[in-house]
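Below are structures written as structure tokens.
You will see two complexes here that share chain A, one where it goes with chain B and one where it goes with chain C.
For the complex of A and B:
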């Protein structure tokens, strides 16, 4: 149930003009064309894990989800009812993770996810956003990050992790706000809040690789849930905070943590959201997977052959790293260095299925958990079939979902990030080894 | 000996003994006692705490209210346990009054218990952490639910055992684990 504050945020009366405005400004012409050319052929249905996991219920097919929501909004030129908007929330948020797999199968290349985005913006304009997601978005508004962490909290966490790790890697520091370095590292607010060891791990890797980098004291948040909550204005502000900090520090590149939607936001959608009409980010964006691959290939990071993973390993392609980020082969190269027994899921790479936690689904909280577990069945089956014991997951979102699926479907696996594996099995050059006591 | 002692309250009555020990040590060392409680979040996607029953407790107001309740609870515990001892204490033969209102601060945070306790201990420069012990005996892998009452309610978070172990093994300062009389195990030695 939405709380009082949220109900208040809901507009009492439909503002047709406002809806029309959203529909027209957000790529209206292209959307109308798509809606017109959709042949209702159903080729997209089998591509969608929601459809497959929900007994092929036609209401879960991509074309239906669009027709029944955004299609109606256009058809009625914005003259829809509040109950319609409320009902649309279900299809737009609980039945699609905007993974874009369906577009690969549509003969016309119709971008279902782009239409879902517009539907979400219309709902958001009237205060219809799943409650927990709306709350997380509120955090961004007040603090610039998902967890409402203060600048002091963040800096202290980095100092803490620097102290913790100094015993393991001699000379390790977490440089703060150092200008004119190669990389500004950006991360997911879950890291300082729930997984500070992730910060320690990246610092270990970057230290051993002798990288030129800095942690920014502000603009470090690379996630962007407002983007999935239909709040394009706030989404733009969040990305611009990061770009601006990178410009202030005069860094060469922004390095994004192992997070899928952060990469999508920072590299692909962010520029549009924050007003760069050519869609090109003002600073080059690199995902951690790319950098790790470069380190392994160049030998800046070497794996201890005796520690290379022996147990069966599979790789989760986060939609926004692989299919929508183009890094599926890079992920395979990294796996070659880390694991002796690597097993592909089927399908895989750019055709891999979404884990079921993307598009803002996990932050939608407990209210949607049961549905999230039902639609995650496809991913659970994919993982089980590989026989893997370890799932390497370069995305925070997939990480949570796969952990939940592990419990729900009794998969008997462990999920880990690439960082974690690297820290376990990389060789530490003598100069970084702590002095013997 | 100590300047700041951190007592981790998990809201289980079984940790009362640990609290009393922490208080005694704080008095002995003339140290400040910090009573700290972490509201565990089952949801790691916002700074809002979502408890396992999906109740959302997110703002400072709620944390303050819980801190107030902790204060009420432990003040009562102090007055019923230290009635005679707390007022006068003999040190080197000279009677010294022990403050009847000991220096205690109550703090509540949301998040992951291990992370928040360690983070807080570092921030406050804590030199001793005191926790209840049963948490050590709870095996996460075992299906058996420990019989501990949570304010009269026999619900138990099975993850607490690993939390205590983690803190014991990760804290930079000494950690004291206290077992209340009713929960002590019989001595069983392997052959």
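For the complex of A and C:
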């Protein structure tokens, strides 16, 4: 149940003009065409894990989710009711992670996710946003990141991790705001908040690879939840902060942590959101998976053969790294270096199913947990079928979701990021080995 | 009545059909230049062709392969829908009379068979709409109506060709239903006969061009 405060945030009376305005702003030739030519063939249904996991309930099929929400909004030219917005909120957030798998199954290639975004913006304009997500968005507004960390908190966390890790890797530093380096690292606020060891791990890898890099004291949040909460203006500001910081520091590239949303936001949707007319980010964006692959291939990072993973391993293709990021082959090259017994899920690569945690679902919090676990059944079964004991996951949202699925479905697995594995099994050259006491 | 339908009626129908499609595509192109201009930066002819090609060949797409019976029926439906009217000798004779040119024709017996198959496929599609929950929930009255309207020229054409029922009435009904269909195409989801190529090209740019992902 939504709490009092959230109910207050909701607008009590529908402002038709406002809705119409959102609809018209976002209405391009694509939308007009898609809404009109959908053949109502139902082919998209089988592609969507929400539909498959919920006993093929037709209300979970992609085309129906659009027809019953955005389709109606356009048909009625914004003249909709509050209960309609409430129901749309459910369909748009609790039944879609914007994974875009359905577009691969539609004869017309209709981009359901792009239309879901429009529906979310309409709901957002009236305060109909899942409570926890709305809170995270408020945090962005005040602090620029989803966890409301202050600049000092962030710098302190980095310093703390630098001290902690310095005894493991000699000479390890976490350089802060160093200009004119190759990479500016950007991360997900969950890392400084709950998983500071992730910061330590990336510092270890970049130190051993003798990389030229810096941590930015601001503009480091690359996961863009406003993008999934229908707040396009704020979403644009968040990416622009990052681009701006990178320009200020005059770095060559922005390096994105192992996170799918972050990659989608910084590389693909960010430039649209912050209004770059060419639709291309002003600075080259590279995902951690790509960098790790480069290190392994070039030998800048070497794996200790005695430590190479022996147990069965599978790889989760995060939607926004694989299908919507194009990095599935890179992920497989990395797996070749890390694991002896690598097993594929089916389907996989660009056809992989979403884990059920994407599109803002994980940040929607406990209120939606039960539904998230039901829809995650498809992923749980996929993992179980591989027989893997270790699931390597280059995305924060998939990571949380797969951990939850592990408990819920008793999978007996462990999920890890690539960073974590690398830190455990890479060779540490002598010069980085701590002095014996 | 007959004179009007086979005379001015045909002209009107074809002008609305061709003109309507042209205006629709042109206006959508205009809107896209204005509102979706940013996407033109990612055009990629090769990806567009791939995205279209795999959906034109039989079972070329993963979705078609997951529902082989349905996709075979859709294929049959469309192949007859396009081949028969274009290459029918009766149509070409009329074209010959009017313009002195006509297309190459398929034998009438082949046309009869293809028309019958199209009707079978159409009935299958209609029944599928009723029985599969994920399709029924999407279907509105207009979708049933359009499917029937698409089949009517084929039904009446076949009956006329086989001389079943009053011939003259059949031909009148045939021409009438054919004209109605032609007029409706630009203004309904049937506009997909042209727009299909545009939407497929677009998703080819976005998913194939920018990410290298398959869209079929």
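Please note the rule applied: the second predicted complex is superposed on the first by the 433 of 437 C-alpha atoms of A that agree within 3 Å, B and C clash if a C-alpha of one lies under 4 Å from a C-alpha of the other, contacts with A are read in each partner's own complex, and residues count from 1 in each chain.
By definition in this document, a contact is a pair of C-beta atoms (placed from the backbone, for glycine too) under 8 Å apart; a residue touches a chain by one contact, two chains touch by 3 or more.
Everything numeric in this text was worked out from a predicted model, so none of it was measured.
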Three-chain arrangement built on chain A, chain B and chain C clash or fit: fit
Chain B versus chain C as contact partner of A:64, first or second or both or neither: second
Touched partner set for A:136, first chain B, second chain C, both or neither: first
Cα-centre angle that chain B and chain C span when viewed from chain A, reported as a multiple of 10 degrees: 150
First, second, both or neither for A:298, with chain B first and chain C second: neither
Chain B versus chain C as contact partner of A:324, first or second or both or neither: second
Contacts of A:367 with chain B and chain C, given as first, second, both or neither: first
Contacts of A:157 with chain B and chain C, given as first, second, both or neither: first
Per-residue contact with chain A, leading partner among chain C and chain B: C
Lowest C-alpha to C-alpha distance for chain C against chain B (Å): 28
Chain A residues touching chain C - in the complex, by the definition given at the top: 27-30, 32-34, 36-47, 51, 56, 58-59, 61, 63-64, 67, 100, 103-111, 268, 272, 276-280, 322-326, 350-351
Touching residues on chain B, where the partner in the complex is chain A: 42-48, 50, 54, 56, 58, 111-112, 115, 119, 122-123
Parts of chain A lying in touch with chain B, wherever the complex brings them together: 3, 132, 135-136, 139, 143, 146-149, 156-157, 160, 163, 189-190, 193-194, 196, 225, 362-363, 365-367, 400
Of chain C, residues touching chain A in the complex: 28-29, 31-32, 35-39, 41-42, 51, 55, 61-63, 66-67, 74, 129, 132-140, 143, 188-189, 191-192, 195-196, 198-200, 202-204, 206-207, 210-216
